[in-house]
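All chains are identified by letter, namely A, B and C, in their written order; residue positions are counted from 1 within each chain.
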Amino acid sequence: MDRPLMWGQRLRSAGSAVLELPFAYAGLLILLFTSYLVRPALLSPLLLLLIVRQAAPLGIAVIGQSLCMRVLSLDLSIGGVIVGVSYILTSGLLPLSEPVLLLICLVFGASVGLINAFFITRLRASSVIVTLAMTMIISGVAISFSQLRSPGDAPALLRQIGQLRIGVFPVALLVWLSLLVPAAIFLRVSVFGRYVDAIGANPQAAWVSGIPYVRVVTIVHVLSSLFAVFSGFLLIGFVGVGSMDLGRDLALNSLAAVILGGVTFGSGKGGVLGPTVAALMLTFSFNLLTSLGLGEPAKLMLQGAIIGLAAAAYSARRQS
Amino acid sequence: MVSFERLTKRFGMNVALSDVSLDCVAGSVHAITGENGAGKSTLMNLLAGVHRPDEGQIRLRGEVAWLDSPHHAQRSGISTIFQELTLLPNLTVAENLFLGREPLRHGIVDRSTMRAKAEVALARLGGRIGVDDYCEELSVADQQLVEIAKGISADADVFIFDEPTAALNAPEVEKLGELISSLKSEGKLIFYVSHRLDEIFKFCDRVSVLKDGLHVATRAARDLTHDELISLMVGRVLTQFYPVRKPPQQSSRAALDVSSLIPMEGGPPVSFAVRRGEILGLSGLEGQGQRDIIRALAGLQPAVQGQVTKSSVAEGSTQPLDLTVVATALAGVGFVPEDRKTEGLYLSLSISENIVLGMLRRSSVWQRAKVRTDLIAGLMERMRIRATSAKQLVGMLSGGNQQKVMIGRWLASGVDVLLLEEPTRGVDIGAKAEIYALLRDFADQGGAVLLISSELQEVLGLCDRILVVRRGAIVAELDGAAASEEEVMRFALTGPPSSDRSPNGNVHA
Amino acid sequence: MLNRLRKTGRSGMKATTLALPLALFLVVGFLSTSFLSFQNLANINSQIAGLLIVSLGQMIVAISGGIDLSVGSVMSLTSAMLVTLDPQLAIPAVLAAGVAVGLINGFGVTLFNVHPLVMSLATMTFLQGLALLIHPVPGGLVPEYLRTLAVSQVGGIPCAFFWCVTALAVTAAMLNLTRFGLRIFAIGANPMSAARNGVSVTLHRIACYVLCSISAVLAGIFLTARVAGGDATIGASYTLDSVTAIALGGVQLAGGAGSVAGVVAGVLTLGFMTNGMNLVGISPFLRTAATGCLLLLAIGLQRRKVIGA
């Protein structure tokens, strides 16, 4: 029983486990440290909670996006869905009560997901192209409608969700958690989660061995669009009005967060926690950049750099 | 012509070849054989320039040759016809022949020279292949001819054939044999890497056996018997290669009753039954529709017509079988595809994860996934799946073990009918025997097995009943124990007998 | 692929490829009297020249099996650089930038094995940010010699026509007459087989991305000169438009099939539709929606065997 050797081995395996963690964890720590150095004001608990609240829409969208990536698909129609939801809820085009409108938004989201899934599973089209095309269609239609009948105020219920707190915790955060935790548990224990793993590992084999490929991928896309609807609800609640500019960069941000969080095409190694931490990290970084005076261009450059470098780093890691 | 001198090649920790030396002369056909993992492909890949040796060297016509790349090997006069053909479907025959060394005139690709030279090379092969045909339109046999034409047009002296007959039917195999002997008479050296022992004895002059990376022996083909060769390869004498068959039981119930099945549009209807306790083989020449039939039963043919009913193991009624992938799997019909790497297994998942996916077959998508590690361990034990643990990634296993995991996945899900395409493709001799034993066991316990195999010996040795398929129709039903190779080939080549009475009784299966 | 190959080689064109622009031509001509005027047709030519040039680049990448979503941002970056840099340096600088972007995309896809969609999405985002950083507000002065290159007329025919013809001729020659052209078809169909035949897959793929970025730079130069000002978002719609155009033109996004003629047909389809919508007075936002529908249509008609991204 060589004690030092055993401890050495344990440390080594713990060390490599830490190194195996998705970049999001390290990234968040680096950011917090940098903020401590240059903008310590950002680290006040009140502000941090606000940032967490701000991250909620991204965090919710990330759940759906990570699911999509695990079945070798992408959902870039998140932005379109949010624009559509924004218009439905605030334009008054449909003079119905708030709860009914919210329900209609969910149905709308589910339909978008179904259409996406149809093209991707039945026609075997590229998910990027299909979802981008859907965004073009929905945004195009919604914005052209908005020229005739402009969007208005957000429904009262959403504004409350967006701004209220329970104790110190923003309600938005609770909404996020109430979607995140059940999703994570469900994926881990259910048959559905296993099927998702299988399809990601080898979609052809999954198809041939009788796994209900079409059903699983359809559910994934419908869920992703539904999560996008919830993101939209929160965003509209934050802003207070139905803006046609909402959620524009949510699709790309969710992609960046998912990749940073360790989930790549076909593999779900990061689980749901990695992308969630990455969502927090990205939101924090945007705030840091803004507080340093750098605006939209810097955000875009950061997003692009993160996606590219993280994807490259993960590929390099997988090859070694 | 070619000498391998003390070649050693390692891939990480795995020693693929160890101190292998071999001399081969021009104007001969030299077989390289051995179990999977013995090193045959590695040895040929060294010659083909795909890998470089760690130690030792290769001599070509007496001179030491450093073959850095496949391209370099080609230019040195070595032409390789790989198992995975390297033709591009969207290029014409002429373009394929010259890809990588296209002739130029004034900086532009010289298409007329290309076509002229291609015609010369193709004429030698007696082909009716046009130089402007796109390779996607050609049959596998024709594609192989084009690959050979590539070597001829490049004036190769050495030809390497790696499992060339995997996708060929009997007449095409004969033609290949004639081609090989014509190349031999021109003084070329031909390497023939194959598992098909009968072809080795038919076409080759000398046979070299590799085992575990070592060169075991080289003999003249006429000095060896079938059994001697097997024992050289395996290192032990295999007495009971095929498991014992039970005598035919006409009274056993049908597990699958197929009635007027038309797997593809415009094809003839087939009707037959797969009985409980039997192993039924679909035989005949390659590509005569066996694949379509079995894939139709698995639910993978979209345009299928016809009725299939399935009985359950317990004494119960028969149910009509919905011929879609999901429904057949749910009903207890397991399909083992030919290409396990792309269609069968999840190479990046562990053995346990692969098997669990089979166990979940009956659960609904929303339920909790139950992982029975004890059942998995028991299954691995029973099937003799050799791995470091159940957590090992399937991609790391040998061909035989991978095949067993695929079959095991279905067994774990409790299927009672197995449909198999080429059950022992790419599997070494030892694992083959184990898989045969597994299938026999499955049948003896009340299961039903339907398989297609292009290895006639396998079908004759393993199956209780054989259905010979020609042009999509069943032309003969033979008793497995009594049938002979000639009989099967006769029906496969010429169709149903002219009179209604065949030696084995009726034709309706 | 089989039936298509039998009829038209590797062009990927089908009956619908040519029928669509023709049908649009007839429909719009019927709906609007000014459609068929020489002035309007010349307008269309100028409008689609930029799209044509960038779509040819996109076609090259697609044939080799990839895709480049950063073309729009490269155009935007070009526009921003042209009006902010010293006129002497402007052209060499944007060309160098194009080569650099192509190299980055190429290295990412080949050496780092990043999926082309993800890689080009990353560069697209980064470059858009860079363009906005350099030139936040549209405006600025375009060098005079550039203006003349893009806007003048030769014998009554607008310059745009000659830009188009040159681009088409060069690309067609490269695709059909050179070794490079043949080899990228091979790579697109099966990279491993191509490699076994001695084709350097990595180098060819990187070259395709470089050529695509350069074509985006050229399109950006043309557009900036035509608009007579720098706009850091000028290329935004061109990314998906170029993918739509090549998909409509029969270019297989999976690789291995495509043709210059097909791209022309696809670009004409989009051009007729846009022009027609303008003439009839439909909102430009609906044009975006219509392009999205066309894209779905084009994608729906391409059947892939592979499931996945």
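By definition in this document, contacts are C-beta pairs under 8 Å (C-beta built on N, C-alpha and C of every residue); 3 or more make two chains touch, one makes a residue touch a chain.
Predicted, not measured: the structure shown is a model, and the values here were computed from it.
**Q** Using the definition of touching given at the top, classify the network of chains in this structure as line, ring, star, complete or other.
**A** Shape of the chain contacts: complete, all pairs touching.
**Q** When B-C is set beside A-C, which has more C-beta pairs in contact?
**A** A-C
**Q** I'd like to verify one number: the distance from the centre of chain B to the centre of chain C, where each centre is the average of its C-alpha atoms, in whole angstrom.
**A** The answer is 45 Å.
**Q** Could you tell me the distance, in whole angstrom, between the mean C-alpha positions of chain A and chain C?
**A** Once rounded, the distance between the two centres reads 31 Å.
**Q** Listing for chain A: what residues touch at least two other chains?
**A** 204, 207
**Q** Which part of chain A faces chain B closely enough to touch in the complex?
**A** Checking each residue of chain A against chain B gives 189-195, 197-198, 201-202, 204-212, 215-216, 219, 266-267.
**Q** Looking at the complex, which residues from chain C come into contact with chain A?
**A** Checking each residue of chain C against chain A gives 69, 108, 112-115, 117-119, 121-133, 136, 240, 243, 247, 253, 283, 285-293, 295-296, 299-300, 302-309.
**Q** So in the complex, which bits of chain C are touching chain B?
**A** That would be residues 1-2, 5-6, 9-10, 177-179, 182-183, 185-186, 188-190, 192-199, 256-257 of chain C.
**Q** Which of the residues in chain A end up touching chain C in this complex?
**A** The contact residues of chain A facing chain C are 72-74, 119, 121, 123-130, 132-141, 143-144, 147, 203-204, 207, 213, 252, 255, 259, 265, 296-308, 311-312, 315-316, 319.
**Q** Using the touch definition from the top, list the residues of chain B that touch chain C in their complex.
**A** Per the touch definition, chain B meets chain C at residues 69-71, 74, 82, 84-91, 95, 99-102, 104, 107-109, 134, 136-137.
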